[in-house]
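As written, the chain order gives the labels A, B and C, with residue 1 at the start of each chain.
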Amino acid sequence: MSIIQINNLCKNYGKLQAINNLSIELNSGQIVGLVGPNGSGKSSLLRILGAFDMAYSGEVLINGLKPGLESRKIVSYLSDKPYISESLRAEQMIKLYSDFFSDFNQEKAFNMLELFKLKPEQKLKEMSKGMGDKIQVLLTMSRDAKIYLLDEPISGVDPASRKIILRSMIEGFSEDALMIVSTHLLNDIENIIDSVLFLDSGQIKIKGSTDDLREQYGKSINELFEQIFQ
Amino acid sequence: MFSKLYKYQVKELWSVARYFYLGMIGAIILSLLITATRIPGIVLFFNALSILSFILCGVTVGIFTIVYDYQNQQGKRSYFFRSIPARESAILSSRMAYYFTYYFVTVLFIVIGLAIFLILDNAVKMGVSFQIIFNIVKGFVLRTKIIGLLFILIIYAAIQHMVSMMFAITIGSEAKFKRLGIGGPVLVYFLHYIVMQIITLISMLFIPIAIRLPENFDSGFKFQIVFESMMSEISRLLSNKSHDIKIFGIGFIFITFITWIIMLIWIYKSSKNKISLN
Amino acid sequence: MSYKFDESQPIYLQLIEIFKTNIANGTWQAGEKIDSVRNLALSFAVNPNTVQRALVELENIGLAYSQRTTGRFVTQNQVLITNLKHEMAEHKTRDFVSQMQAIDIEQKEILDLVQRCLNSEDN
């Protein structure tokens, strides 16, 4: 059974249709790139999978259950906005996460802190924008979750930090997990994703393994993306 | 999970609220010092100023209590708070405990502070010493009935606020109010406020339980509970059989309890099944 | 270490080429333990599954073998490694020759060119 099953999912914001009759199954053990232009429904889809938005129609099953308490136990979600109190120190945030998430791996978190060259006693508000983003990636990836949902983890981040964030994604990913990464910066992540979902107007336009698509079209996923959407 | 959630919410607000509580204590101390100078003009002016800043600090804490809850439920910290795998009952009860803690502490602070200001003010006017003031306060506190009643009123107000705010924030953030933004909770607040007022008024008038007010208060606060509705008293008044309304309907108290319970169940269900973050 | 891939080609094929080169030039010695999938993925900044796929391919052609508990090793069969070297050399030479022919260089000229390049490298 697929860890994520979506059948005929629709999501409206008033008259605007963000997701339009979308159906897909996703298995564990892969990193999936969720790409599409702004407003194509990427964030809406991730929010629904993360149990942050229950106002949708259609069927969404995570490990066989509707998004809710049970799915929150196995889903680690990274929002595209900052969402952690700025007055906390890095080590306090790690403590906070391990208080609330039983699958939080403190050792992993402190290792990544070192990788990111961040000090445990540093406060979020004393960090630059890129560092704040890194901390959130760190906290999200330090959970030994079954599903990771990362909404635009590398946008608005300088190239050096981008590299480290990608690194921590590879490091945090385990073989029995599913990771979904939404982005419009395909260039940077195309080497680390197994398969890709092209979303357009709330529908899946192309899906497939990245290596197969490269072979089939003879171009990079990024070029393919540009060809389709321009 | 309840205690972790509760501690998290209380600590978050405490990092801001403590400064306002300090401000309140500061205002009282300032007022005490100024009163000690016994220069009438200055005392009056600065006491008015410190009462104003004192109340402002208290009100600010009250507002921050709501703002922080909103941020946890809908605002910038919601993607953390709502990702916590906690039972809805733990989330709801921790929110209640959080609100209750801050409202109770703040209202208590304000009441005690105002009492001090009032006594100081009178003391200055009458020119009495602090020893006498202290005795007056002691005498006042010892009248436990009044203190008890005050206490109940504070708790009542705290619960009322807590339920109203949670209701407005949670229901006002459902997907159907999404395009109103922060206007959603505000709209729900006013709607529920109007409905509550109507329900209160109706239950006050028509439920046949009331207290009969004494003819005068010379003999102290002595109430008698009667099983009549205010409406019957009013109709008697209208048909000139009586000259005055002497009973006060208290049926609304029970109805208020029931509405609180209904609203809490409503909040629980909405928060469990209809959450829709921005 | 960061590696620039040709993104119009499947990554796992390019990884196989890199691994083969490592074995051919002795960066990975015969019988040596190969780094873990995760570490390789980190150092090439690619998906762990892609690394896995490339390594399995390497096993299929006999250049590597797995031991259940201790991990994955480079083959100890020197013949295979020598063959690999020759195969790669031949392959690259063919590519070179066909590129020369594409710009209409004659056989003698090609040989001269190669000789000259080798000489200049000696100096």
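Remarks
Note that a residue touches a chain if its C-beta (ideal position, glycine included) is under 8 Å from a C-beta of that chain, and two chains touch if they have at least 3 such contacts.
The model shown is predicted, which means the values in this text are computed figures rather than measured ones.
Chain contacts in this assembly form an open path, with each chain touching only its neighbours along a single line. For chain A, the chain whose average C-alpha position is most distant is B. Between the Cα centres of chain A and chain B there is a gap of 42 Å. Measuring from the averaged C-alpha position of chain A to that of chain C gives a distance of 34 Å. For the pair chain B and chain C, the distance between C-alpha centroids works out to 75 Å. Looking at chain A, no residue sits in touch with two or more other chains.
Counting partners per residue, chain C has no residue that reaches two or more other chains.
Residue ranges on chain C touching chain A, taken from their complex, read 2, 5, 7-13, 38, 41-42, 44-50, 53. Taken in their complex, chain B has these residues touching chain A: 4, 8, 12, 15, 76-80, 82-88, 174-176, 178-179, 272-277.
By the touch criterion given at the top, residues 13-14, 47, 50-55, 68-70, 72-73, 75-77, 79, 81-85, 87, 96, 99-102 of chain A touch chain B in their complex. Only residues 29-31, 163, 166-167, 170-171, 173, 175, 190-194, 210-212, 214-215, 218-223 of chain A touch chain C when the two sit together in their complex.
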